[in-house]
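Below: a set of structures, written as structure tokens.
Same chain, two partners: subunit A is paired with subunit B first, then with subunit C.
For the complex of A and B:
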């Protein structure tokens, strides 16, 4: 009689994470081969195309990087809230709010010099996201309203606002009836980096690194971590939980808002309904896979971006979008999920021992 | 009771070890059919372990379980239940959105639930034992007392002949506790046997027929007839009567009153009075011990002094400063150190590393601008680790890996650093091994010599008698007596703990 359980390793296995990554990736791709063969494709051609399209050339890298930027920022937003044990499910709406605010600045700031215009746009985007985070933050801090529900519901509010704008007041008169806002002026566009990549990647990396430093090195970050680990201990040390909840949820909203601003200014050229492409929800997965650590968020977002780009590219080979999505999920799950084994080991326990607590 | 009645339960020489602790070391228990049998003992005496052995949750390392004369070997709680043993745990195991009736039949019901039929079944059962409850109400609407009745109904519905109640009155109001007593009496009349775990002696006196007392995992008194036994005697058995302790710290003259409390009133988590009009002073250079059966307001008193629980009236003065309404952090600045009962919940942050836990009281002074000064943090932490002999791995590792003794040294060391005037230590040596206990006790004595005023709350009377300069006994939120540990008779202390004022 026995059962398998996961046991936390006393020390994290050195070099275990890359190894687990490779093993997990191999298992996932093996299952993927079966899937592709069954669905009538040449698996190796498909894999080659995926790699080629996502990391095979500077251009491929630039496309991957552009995807990774909103994923990374949304992931960071979720991770910031997660450090206090809070869940921000509203990053999607906050991204939209950020994009709307940035677009508004671009409308009123016509004729401003480009660097100033872009700076103000991005700050406004942060404010937009933060504003959407403020309501849930106050409700949670003051009367304990579950932030998962409030942030989730505000997604819908932001989406409806955006729809109203592009069907109504902001509708481009030259769009021939399509619900689109006008194209942004050239001064409102983030400058390019290489190929299709833009400066948003640098900004995102800086923000992620900055939060990582603040969390680990400053007294404020320390207080945040104490509060996240034990509320009662934080209270004893004179750390105000209410203030921390408030700041963290607003900050989380602001970071997601920034993602929206960058997406508008760098990637899309106008406000359209699908400007976010689900980045806010994908950010939850990014944060969870990164174990809520900023350094992990950047790496996971890059991998996530590459897999998404690769997955899109194979659809032009006739691979159906559902098979492509399954492949993407397999790879992410295999590559990152396997990381758990560098921190946990599998043990067989006899039934006898299991009862001893 | 009639001793010719057969035994419902007979536990013989039960041993149960856990890593680092022997919870049961040859405990025995005999429960006569149709009686209410109290199992008494302080926290950590092994009551819960013994009951979990009987209820099939744990398997004993050695010993025999007999139910109605038959030897039994339980693999699971289900086995114990089929032998007629049901247990009502301290934490209820109910589905809040289900009705009373649905909770009661859960797991035993037919495939198709007929709401009206289960409700009338459960209603009849409740009526039979005088348990007033509406079977159709969802559980989330019920008070704690009502929820407990649902738990009791669950065991009755499964036809348990032997009921174990683990500290059932801990969650009840006094009125609910009386009602519970009447119900138990009703159940005993039907030939059922009830095992009642408690450390509230007056309840034992009121409800129970016989009592067994455990101490340090052993049975020190078996099946005493409650009506022939004084509460004082029970209290004495619970706390033990080892010979007068040696190596008491040398007495010293006390100084200023560093901690003054007057007219303190505090409510507990159920908003019932926990501390009632309590006043005490602790002077510089003395240890004042607080003895008492647990649950008599000691926990709430410590929390209120630390500023973690609000008080309804009274004042707390530390070193001449009135801090009755101050935040914990301001009390700490005024020179208060606090060693909480619940170390990992209140004192430490389990996911953070040794350094981060060591600086908790003082991190505001270890800053360079907005940054925490790494080197100062490490020096500060190393100082505590060295001075208090905390054995750790790398300081950057989470404290979750430290042993209980080392966690406590780290916590006590942190609280003792800085300009300390008053230390409130709640159960500072509980759960530690012999060496750990000695180390913490030595630290307390050393601080006393430095002139710190120490309020020591403990359930270990030996520890209190060894360390205290004065000993106060708390009972139902009041101080019932002050004793000189050198001359006090254990019998008198026991009497005060049982609520009977001696002298």
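For the complex of A and C:
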């Protein structure tokens, strides 16, 4: 009689992560077929539609690109914190904080020239997200408060703040009782790139590339990795952990905030309750699938954007949008599992050997 | 403020408190064994839809509750498989479970939206006792799940602090290798705790659709799973303190819709921020105290245990 155990591989399987993603996708698609058949749809027609709507034409690509922007930035935000072994679960709230600050600038800055207005809006969005990240950052750096829970709680706080604004002070008098903020002026809207795509994609790509460069090429980035892998080594090398934790969590919040600003200025015409369609949580998934690497974040965000756009498109076929939500969760679970196996292999251990051990 | 509205508030406080407490107890058991499960919101949604659907089919609310708990436990074991067996990151797996639960429940319950419930868990009839002023309407005209929550709290407290099995379970969350050396299976202890957590979250969800609401709509859990996660910390991982917290947070949920009745001029939306802010405050207090004495949090919370890397 033996027992199955997981043994750490000496080397991580090459190409393990893309493979893991592919396996996850395959598992998800297979279960998806099952779900679609159960609910009485032709799964292949549905999948064809998903592909068509997400990558089948320049217009489809532009919509997918727009979707990938907040996913990528939120993913980067999580990855930045993750590079130091910290979890920022608060990207969702930070996105909202960013959108709120950007909307506030748009209200105050009425009549400013468009480029200035948009720039200030996006900077304010960064500040908003960073501000929401500051609390957990200080608490973690100074007294060691678990940042997972504080950032998670602040999501709910930010959501309530946004709800309060659109139900109260910022409510559009012409919204006939609906909780909606007024529509943004034209000057506050990010210019278009091609088809539906806006400049947010360029900004996001620049930010992701910038962080990738800083993290891999500068001393700061090196210190970050040292601090992330071993606190003791970092202390020995004279790296201030407190300062690093503070910087990283605030930076992470700022990046998520930027996503909120771009989403408001580029994609939504006003502040609404659902301005972040779960991007903050999806960002955690994106970062995890990308193994916290900036280059991976961009690629995974694009893929996830396509899945989400595809999922939304099939609603017109009478398929519940929940199918796309389920697919995303399944892709992730499949990839987590495959990811584990790229680092571990299964071995059968005999009973005797175990006893000797 | 009339007596009737005060009684209404307190009665709703108990109802909401029990709802939160059931889910929080489940998370507490799981965290005590070292497994952080951020899938509570998803598990509640699964319990809610399962309970409602079974009640629609069978018109038996008790069967619906039991099935919801079993399905909740099985659903939680997905998290168990990934975090306990495979040792994957608990935060990522838990959040994925929430996403999966919300999606799956919406999918399953698509045709049940807006339908009247097949059966409800009617308030327990305490006979003449229900006529006792204040106590009667507040405590003795409630859904049976209130009493279930109280019993579950006492049972969990007894189990964790007085039984050797409970000690082993807590050990799995404090120092897994010690428990392993002592001859217990960390794997089984942790899987059991995760499953128990899922069952209680399932019961909490079923309580929504069989008693409190009682209807199925997508998103019926409305973020209460996150409050349950908060409650565990607020209660410093103790069932008794979590009960006090549940009444406090439940009171805030109950007050939300009644502010105008009481003539208080605060936005109910701002009021609903309080549980989260309080939890952050408590967490900070716990962390400050942890400098001088052992932390209230299970020491191995969030850490995978791989026997062969001991």
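Note that the second predicted complex is superposed on the first by the 286 of 357 C-alpha atoms of A that agree within 3 Å, B and C clash if a C-alpha of one lies under 4 Å from a C-alpha of the other, contacts with A are read in each partner's own complex, and residues count from 1 in each chain.
The rule we apply is simple: a contact is a pair of C-beta atoms (placed from the backbone, for glycine too) under 8 Å apart; a residue touches a chain by one contact, two chains touch by 3 or more.
Fair warning: this is a prediction, and the values are worked out from it, not measured in the lab.
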Worksheet item: Who does A:217 touch here: subunit B (first), subunit C (second), both, or neither?
Response: first
Worksheet item: Can A:233 be said to touch subunit B (first), subunit C (second), both, or neither?
Response: first
Discussion item. Going by the contact rule set out at the top, does A:225 touch subunit B (first), subunit C (second), both, or neither?
Written reply: first
Worksheet item: Is it subunit B or subunit C that touches the larger share of residues in subunit A?
Response: C
Fill in: List of subunit B residues in touch with subunit A within their complex
18, 57-59, 306, 308, 327-330, 332, 338, 340, 342, 344-352, 356, 360-361, 363-364, 367, 370-372, 374, 401
Worksheet entry | Complex interface listing, subunit C residues touching subunit A | 36, 38, 78, 82, 86-89, 91-93, 95-100, 102-104, 106-107, 110, 218, 223, 226, 229-230, 233, 267, 269-270, 272-273, 276-277, 279-280, 283-284, 287-288, 290-291, 297, 302, 306-309
Worksheet item: Where on subunit A does subunit C make contact in their complex?
Response: 5-8, 35, 39, 87, 89, 135, 139, 143-146, 148-150, 152-157, 160-161, 163-164, 167-168, 278, 281, 284-285, 288, 320-326, 328-330, 332-333, 336-337, 339-340
Worksheet item: Which positions of subunit A touch subunit B when the two form their complex?
Response: 10, 217-220, 222, 225-226, 228-230, 232-238, 352, 355-357
